[in-house]
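Two complexes follow with subunit A in common, the first pairing it with subunit B and the second with subunit C.
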Partner chain A sequence: MSLSYKMILWNKQKKVYDIILFVLMMLYIVLFSSVTFVINPNTTIETLIIRAFGTLAILMLHIILAIGPLSRLNSKFLVLLYNRRHLGVSMFLAAFIHGAFSLIQFHSLGNTNVFYSLFTSNLDYFSLIDFPFQVLGFFALMILLVMAVTSHDFWLHNLSPKMWKTLHMMVYLAYALVMLHVFLGAFQQESSPFIQEVLLVGFIFISALHIAAAIKEKKRDINSLSNDGWHYACNVDQIPEKRAFVISIKDERVAIFKYDGKLSTISNVCKHQNGPLGEGKIVDGCVTCPWHGYQYLPAEGKAPAPFTETLPTYNLKLEGVKIFVHEHPNAEGEYVEPLKWG
Partner chain B sequence: MIKPLRSRHQIIWFIMPLIVVPLLVLSIIQRPDFSKNTKEIATSTPAIGNILKEVENQQLKVNLRGEDNTYQQLEVIVKTPIEAPFTIVYGKLSTGKNITLGTIGQRGVYRYSLTPGQTLSEIVLQDKIKQTEINRLKLK
Partner chain C sequence: MKKDEFYIGYRKSNSKSINQFIKRVTLLLGVIVIFIAFLWAFSQPKAPESKFELGSVIELQGTLMMAPYPMLRINHNEQVGKDILLLGFGKFGANKPLGQLSEQSLDGKQLKIKGTLIYYDGKTLFQIDPDIANSIKVLQHKGYKRISEDMGSITLEGEIIDPKCYFGVMKPGHGKIHRSCGVRCIAGGIPPVLLVSNSDGTQDYMLIVDENNEPVNQQVLEFVGKPVQIKGSLAQLGDWLILKTTPEKNIETLNKKSKVY
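Then we have the complex of A and B:
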């Protein structure tokens, strides 16, 4: 969380994460270069750079796309989500180096503009294996560029989380374009089927993860039944201490938190990036988003001062050990006396 | 995430694999077969028999090798660098049919095996990325 504009939102953990990320990226480049020079010592330095950074970007893209569904399937992976944006920007930089060197090597020797050459040197758009695959890579890179530029919270606040999320879902289109770029390009001259099969399995694995996560989320979206506006959620003992139980009421998810002998309910949707607050926990008396650590006071749905984010609260009632939530949300930031139990 | 975004995610991931996977598989099935004549194999492949025919131009020297007047191997010597990153050698049979022989790159000797009885009338070097012809050499 930050009140003022900063170019890069670094803290101690993020700096450690970024150093590890940088070291791993460099290690990959060195390893790839060493193997390439052993297998094919005649490889030129330009070709090596294009291939090393291209494969690195694809590897990173697969890791980035796996983090989201893995976190939804198992909360142990949530830690990877915390700094995914820095991973995304680093992946874009690797893809940019690949793209820039490709444009220079393949299109800058002629007497036409490199971009004109890119789009007109091969016009076989109706063929599958002769398709101008570089154009696919170019459009994928443009999507990644837009995402990298708008990755800062400045754009998140100005575009609204819904719009920002929609924009960043274009990464899926970029992923499809990248896969076709590789299969219709580099793989057309690759004699070994091994690397093709690895990437195909990678695509199927990522798709399967997203589908599994979608099925799990769909089950959680089944609305609870209402009785005069009150919805039965769960019994008190079903909620672990300082954790939440999430139910769906009229297509909105709400999170009931249990803490210090009290119960409070707020919207499940974090104001920052629509993260699932119900999967977070109470830290220092505040509901803490598992995605990026945004915090809210559970009884009033307000971020602690000096922060200003607010969420709708909900009224609760207890019948024995059964917890009921009223379907009408209160105004954002409206205090609701926590329900005491036990 | 809010419900409309979750729904959008679900739609994308149920539809995208159905479109992309068949295209990826098709691209592998339909690609030219370089398994027998890749550059790496060609350069390490020893020469077969004697030179039965040789043709030359400014960039290439082409030898048809074999024994008993039967062509068994095509030997291409690249004399000046080919300024294209991905070049394929095609052979035109005397029947008019084109066959893919393999890839070719920097200066050096490339050898491609021929099916006994195949008679090549010419070879063509094509820039695979720009889909343009780089060199053509008649063998008859």
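Then we have the complex of A and C:
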């Protein structure tokens, strides 16, 4: 799949996804604006834009953060994950409109530079109530900017996977900054209980999902015990046809696939964006990643030509119906004769 | 047996149940969007009736009074008139455009000024049009004298605001959200005003000066947009109350929530 980043795969799924995304975002902005103008006609247009896009961005951020754990808990949600980057970039755009309008409204046309003003117009950095909350929003926006810019697969191929992953884990830092931005800012003054309560519920919801998903994964991640380097994984009949069983060996997740009377084992971590291959399926003879559909030949740990990604393979042995995996990974793309059973 | 579903984004057709799932999720998200948009839009505090007539440039004629902060006195007759606080463009006071116009003091001169009105709660302010060369015409001198009436010493609690935003340009134009903008405006020469909320729901506004009737813009910056207590003495100057104080000594931040509007 390494050729694909040159031409983003525009297809029907993505179009449908983007249309739904666009319509929902417009629905929010239009509703928020009309309700505001009807019940609060003295509102200025700048304040309306700042609030409509700020609240839209934080709503979208919650949805983005929910998709990861939701799809680990229920694979149906993978539908939402497939095009998550468009959701991310759109959220950044909403946050950017909010931030840019705030910077212009509160800091431009003055006696100093806009950014200098952002950091120095309120110097109560040691106070909780008077904290310069706009600065927190600014740092969050910068993180979202870096993530939006590097979301393209081009960067995935030009940054190490670790680096890319770390970068994208920073979404949690951005989330923390945004929540503080809101709780130390708007709510100190605009003491409407609903915004606070909704965000509190949102925070609890996101945390609970992450904990639930972590518990589910933890069960699997208890490192299996070894006997001369061989780890017992499961019995053959525990793996559904064309699917995998995942075990954790020395903190590395490994996926054992069962297909056409054969067994093969590869690393669980997709080379694209670290997707969980063990939750994928064998389609047309290839292990297919559940996130964006990258494919690998199970016995070789190699993407089919013309693609070039490779994964480490693992050796297997059977004792009766019991499957054992050897803890030592083979080189990436090294062929291992599939184990026949039955 | 149940079919083993698997979603691949780049394949054209989805199974029925995946399509149904997409429909359900979209519907749920739609409901969430509608609910949150209503809830959050409804829960905003009411914006005030303050007015900035953006886009409408009018011409006023009156006598320029430079101290302590530039105002234009418009006399209707011998007794009745209005003192209009003058402001520059953006986050600047009127001293900047007036200084640009002439080296000599224009104090006490009759002027015709083009600009934009800002008004709320009985107070009127005027943003001088940024095209200075064409927006101010100096007429003949007219010796109007304002009388200042001393009202004695006083201790007040309130919030220091920038009047340009408060009286019309921004909503909210006070408090924590607006604070950094207020600091920018006052640093740029817009006169600092103490806003005092009375128990009967009315408000008083006082221009803050030092003991020598000089502007105190730089000295009050750290107090802008917070509840404060100020000790000083009060005087009436035309339409405006003037609060004389020594900011370094006699302004104190109060540990309270700001309650305005």
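The working rule: the second predicted complex is superposed on the first by the 332 of 342 C-alpha atoms of A that agree within 3 Å, B and C clash if a C-alpha of one lies under 4 Å from a C-alpha of the other, contacts with A are read in each partner's own complex, and residues count from 1 in each chain.
Keep in mind that, in the parts below, contacts are C-beta pairs under 8 Å (C-beta built on N, C-alpha and C of every residue); 3 or more make two chains touch, one makes a residue touch a chain.
The shown structure was predicted, so the numbers you read here are calculated from the model rather than taken from an experiment.
Student: Using the overlay on subunit A, decide if subunit B and subunit C clash or can fit next to each other.
Tutor: The answer is clash.
Student: If you stack the two complexes on chain A, which partner ends up touching A:Gln134: first (subunit B), second (subunit C), both, or neither?
Tutor: both
Student: Looking only at subunit A, is it subunit B or subunit C that touches more of its residues?
Tutor: For subunit A, the partner with the higher number of touched residues is C.
Student: Per the contact definition in the header, classify A:Ala305: touching subunit B only (first), subunit C only (second), both, or neither.
Tutor: Neither partner.
Student: Tell me which partner A:Asn111 touches in the superposition: subunit B (first), subunit C (second), both or neither.
Tutor: Touch status of A:Asn111: second partner only.
Student: One more residue to check, A:Ala331. First (subunit B), second (subunit C), both or neither?
Tutor: neither
Student: Just to be sure I read the superposition right, which of the two partners does A:Leu31 touch: subunit B = first, subunit C = second, or both, or neither?
Tutor: The second partner, subunit C, only.
Student: Between subunit B (first) and subunit C (second), which does A:Leu80 come into contact with in this model arrangement: first, second, both, or neither?
Tutor: Only subunit C; A:Leu80 stays clear of subunit B.
Student: Who does A:Lys162 touch here: subunit B (first), subunit C (second), both, or neither?
Tutor: A:Lys162: touches subunit B, not subunit C.
Student: On the A-aligned overlay, A:Leu225 touches which partner chain: subunit B = first, subunit C = second, or both, or neither?
Tutor: Neither partner.
Student: Contact-wise, after the overlay, does A:Gly293 reach subunit B, subunit C, both or neither (first, second, both, neither)?
Tutor: After superposition on chain A, A:Gly293 lies in contact with subunit C alone.
Student: After superposing on chain A, which stretch of subunit C overlaps subunit B: 3-11, 93-101, 129-137 or 201-209?
Tutor: 201-209
Student: Just which bits of subunit A does subunit B share with subunit C as contact spots?
Tutor: Subunit A residues touching both partners: 40, 42, 47, 105-106, 109, 121-122, 129-130, 134, 188-189, 193.
Student: Under the stated contact criterion, what part of subunit B meets subunit A in this complex?
Tutor: 1-6, 8-10, 12-14, 16-17, 19-21, 23-28, 30-32, 34-35, 38, 40, 83, 85-86, 103, 105-106, 128-132
Student: Touching subunit B in the complex: which residues of subunit A?
Tutor: 40, 42, 47, 105-106, 109, 121-122, 124, 128-130, 134, 162, 165-166, 169, 172, 176, 179-180, 183-184, 187-189, 191, 193, 196, 200, 203-204, 207, 210-211, 214, 217-218, 221, 251-253, 269, 274-276
Student: Per the contact definition, I'd like the list of subunit A residues that touch subunit C in the complex.
Tutor: Residues of subunit A touching subunit C: 9, 11-14, 16, 20, 24, 27-28, 31-33, 35-36, 39-40, 42-44, 46-47, 51, 55, 59, 63, 75-80, 82-83, 105-112, 117-118, 121-123, 129-130, 132-134, 185-186, 188-190, 192-195, 198, 240-243, 280-281, 283, 288, 290, 292-293.
Student: Taking the touch rule as given, give the residues of subunit C at its contact with subunit A in the complex, in rising order.
Tutor: 4-12, 14, 18, 21-22, 25-26, 29-30, 32-34, 36-50, 89-92, 169-172, 175-181, 183-185, 187-189, 222, 226, 258
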